[in-house]
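Note that the chains take the letters A, B and C in the order they are written out, and that residue 1 is the start of every chain.
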């Protein structure tokens, strides 16, 4: 088990493109870290740099205090689960799982013992003699995990391991991965673009945007106090309602002709981004902060999503209510935005206002 | 991008055998041919003289060389056209058949494995003027046949032998091409009221044209360079010059005539022809992939 | 087919059967010819029905001498052909596999130059540079040897391209997984690459075996010692004897024996053969 430290780790391609400027990350022993972000944000590159499949062009990576920058992937004592699983098609499940140990010169009996042990843990024992072709998607996924586990590595790396599974299986495997990681206590770095997966799995999340770590923190921290509008929009589904607004002498001004004014107490004056989550808006008949004109309704049974706009404000907004509701299209709903649920960001620096 | 191994010496060791064989047995001889083409040497290799382009000029003034070019063109066109059309008919018929297709395929493709020289000898005996059953039958029908005397007869014989061997190759590619045409297209045409013959010309034939063009190039390459055995084992270029294709002339002038400079000059020209054909082939393959 | 017109199906079958008969005609005559004594030829038509001299012809040809000036038995030449065909097929595959491996999985100086040098062999078939190649082999003292028969023919741009293509089509994550599992270049080659290109190799082997077996001009030039004669080229020596003295029965028996192995390969491994043919033209 190991602590992984990235200090100012970056990647610059020969053509001059700076994919990742400099990332600092301190992963504690046994922690489950999820790298999350939209496609192209550099999360896979960062993971592959830890794996040793991409060279680190600046900064330092250390595992358990040892510098790893120039070590071969096989010598870093890590294991990786690939998006496509990358199972060797000509080897049996047992062969796939034991290949890494075989290359390390482990004797046959030990390999067999270890493979059987892991297979039992993953419920693969009856499949050991099958070829990958003869397995279902979920089983393949499990074999890929088994292959990583037999080596008892210091660190697990996962590169979008669930993206090739159907929705139902994905939820099931998500739970299984989390349980296994708890049980083994192995430090884990996990890449995904799916924020639900990220929230449910992680001890701590790293939200990446264009190679920068926008925020690092626990799922709830990120949900409750997003550091930037990017994180605010990325975490949570449906996404947070974000509006360009102005703070001016204790008024929050929305829309062009000062059509909406919200009273507040704030030292800051100037342009801001104001956010409120769809689930934090409150419906009220009187004393509404503003009115929303209904454009579309999605009834999901347990909850209802109502899409609409505020008259005079050039931006749509979403309201999330529990249980079934059926407002008429084009009708108006009065809404209140409780101040303790506000998120305010400086529009220039994109940083959260206290 | 593929993942690569960091290693300095190993890749060199790996390409070394291929490079060595290429350099020693391909590039060195080719270089020598080019060099030789600019020299004149006596038959015993005792003296040698730089003559610049004289070998080429001589060649281009040699009526036999033009004759050889003509023979090559006639021969290769005849082989390509007859081979392609017969194979296309057979493949179209085979494509219609559902049961027994594999049996027909097996019985039609085996001549691919017969060496050109053997194909030549097999057809020679059938056309042997003194005793060949086909030659005798032709005579009975009132057609004189003697490929040892009549140049035209000799050409027909080598064309038949060369085509016979090549039909299997064309057949396989045509059949594959036909089977790659989506059934739904044919069915759509049938619903539009096109009968089988019309469908062939309006739908199948245009869709098959990339395959046909590819095969045309391959057949010409085959006729140019791979039919040496057919010619050598049956007519040896004769009678006279009537079946002396370019490749045969290079060999004969060099090994029999011992005209080293002239043979080398011919080699150089042939290399340029192959180069051109390779380019055509590659250009075309890009298009075939897109199709 | 869309319409069920019996007469169309009938025509298809008839045309195909006609084609098969035309294609098989020479073989029929050859087999029949080999069952007659040499004296049966030269007067009137070649026999069109079996004689009773088959055992004699085949026995002589196979075990004592092929005749017509070739004094070695067919089985010996068959052995030579087999050695040449296997050496060429195996050699081409081996050196092409490793050079394609180097080109795809390593980065080294002059990598693309190497690639183009190999590519150039496509433009240089033996037939067009036959004399200087002969001279090179003579200089290296390789005339009348198995090495001389096979070695100059084993460079192969086609095979190198084919394997390069196959390697490049391999999923990148598979290669990465092998590296994470601690497989170095040699182990990766034998444990992962070779097993995964197995069918490509087999298909190519079929094509190259036929190519090697059917070599004609090259062995004709470099073998003057009949201990190294190959079966296909011996036919030329046999038909070159003075006119009228040709023993057609033994020539036909030898011809059939010479085409038997490659034809058997095509028929027996039809699937591999077709795959190889299509692969190598890509």
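For this structure, a couple of remarks:
Operating definition for what follows: a residue touches a chain if its C-beta (ideal position, glycine included) is under 8 Å from a C-beta of that chain, and two chains touch if they have at least 3 such contacts.
All values reported here derive from a predicted model rather than from experimental measurement.
Taking subunit C out of the picture, touching joins the other chains into A | B. Comparing mean CA positions across the assembly, the chain most remote from subunit C is A. Distance between chain centres (mean CA atoms), subunit A to subunit C: 59 Å.
Computed centre separation for the pair subunit B/subunit C is 16 angstrom, with centres defined by C-alpha atoms. Residues of subunit A in contact with two or more other chains: 53. Annotation for subunit C: residues 176, 179 touch two or more other chains. With touch defined as above, residues shared between interfaces to two or more other chains in subunit B number as follows: 3.
Those residues of subunit C that touch subunit B in the shared complex are 1-3, 5, 8-9, 11-13, 15-16, 19-20, 23-27, 29-30, 33, 41-46, 48, 94-96, 98-99, 101-108, 111, 114, 117-118, 120-125, 127-133, 135-137, 140, 151-156, 160, 167-168, 170, 172, 175-176, 179, 184-185, 188, 210, 213-214, 216-217, 220-221, 232-233, 235-236, 239, 248, 251-252, 255, 258-259, 262-263, 265-267, 270, 273-274, 277-278, 281-282.
The touching residues of subunit A, counted against subunit C in their complex, run 51, 53, 72-74, 78-80, 82-90, 99-100, 103-104, 147. Listed in rising order, the residues of subunit B touching subunit C in the complex are 1-5, 7-8, 10-12, 14-15, 17-19, 21-30, 32-33, 36, 86, 89-90, 93-94, 96-98, 104-119, 121-126, 128, 130-133, 136, 164, 167-169, 172-173, 176, 186-187, 190, 196, 214, 218, 225-226, 228-229, 232-233, 247, 250-251, 254-255, 260, 263-264, 267, 270-271, 274-275, 278, 285. If you check the complex, the residues on subunit C that touch subunit A are 171, 173-174, 176-183, 187, 191-192, 195-196, 198.
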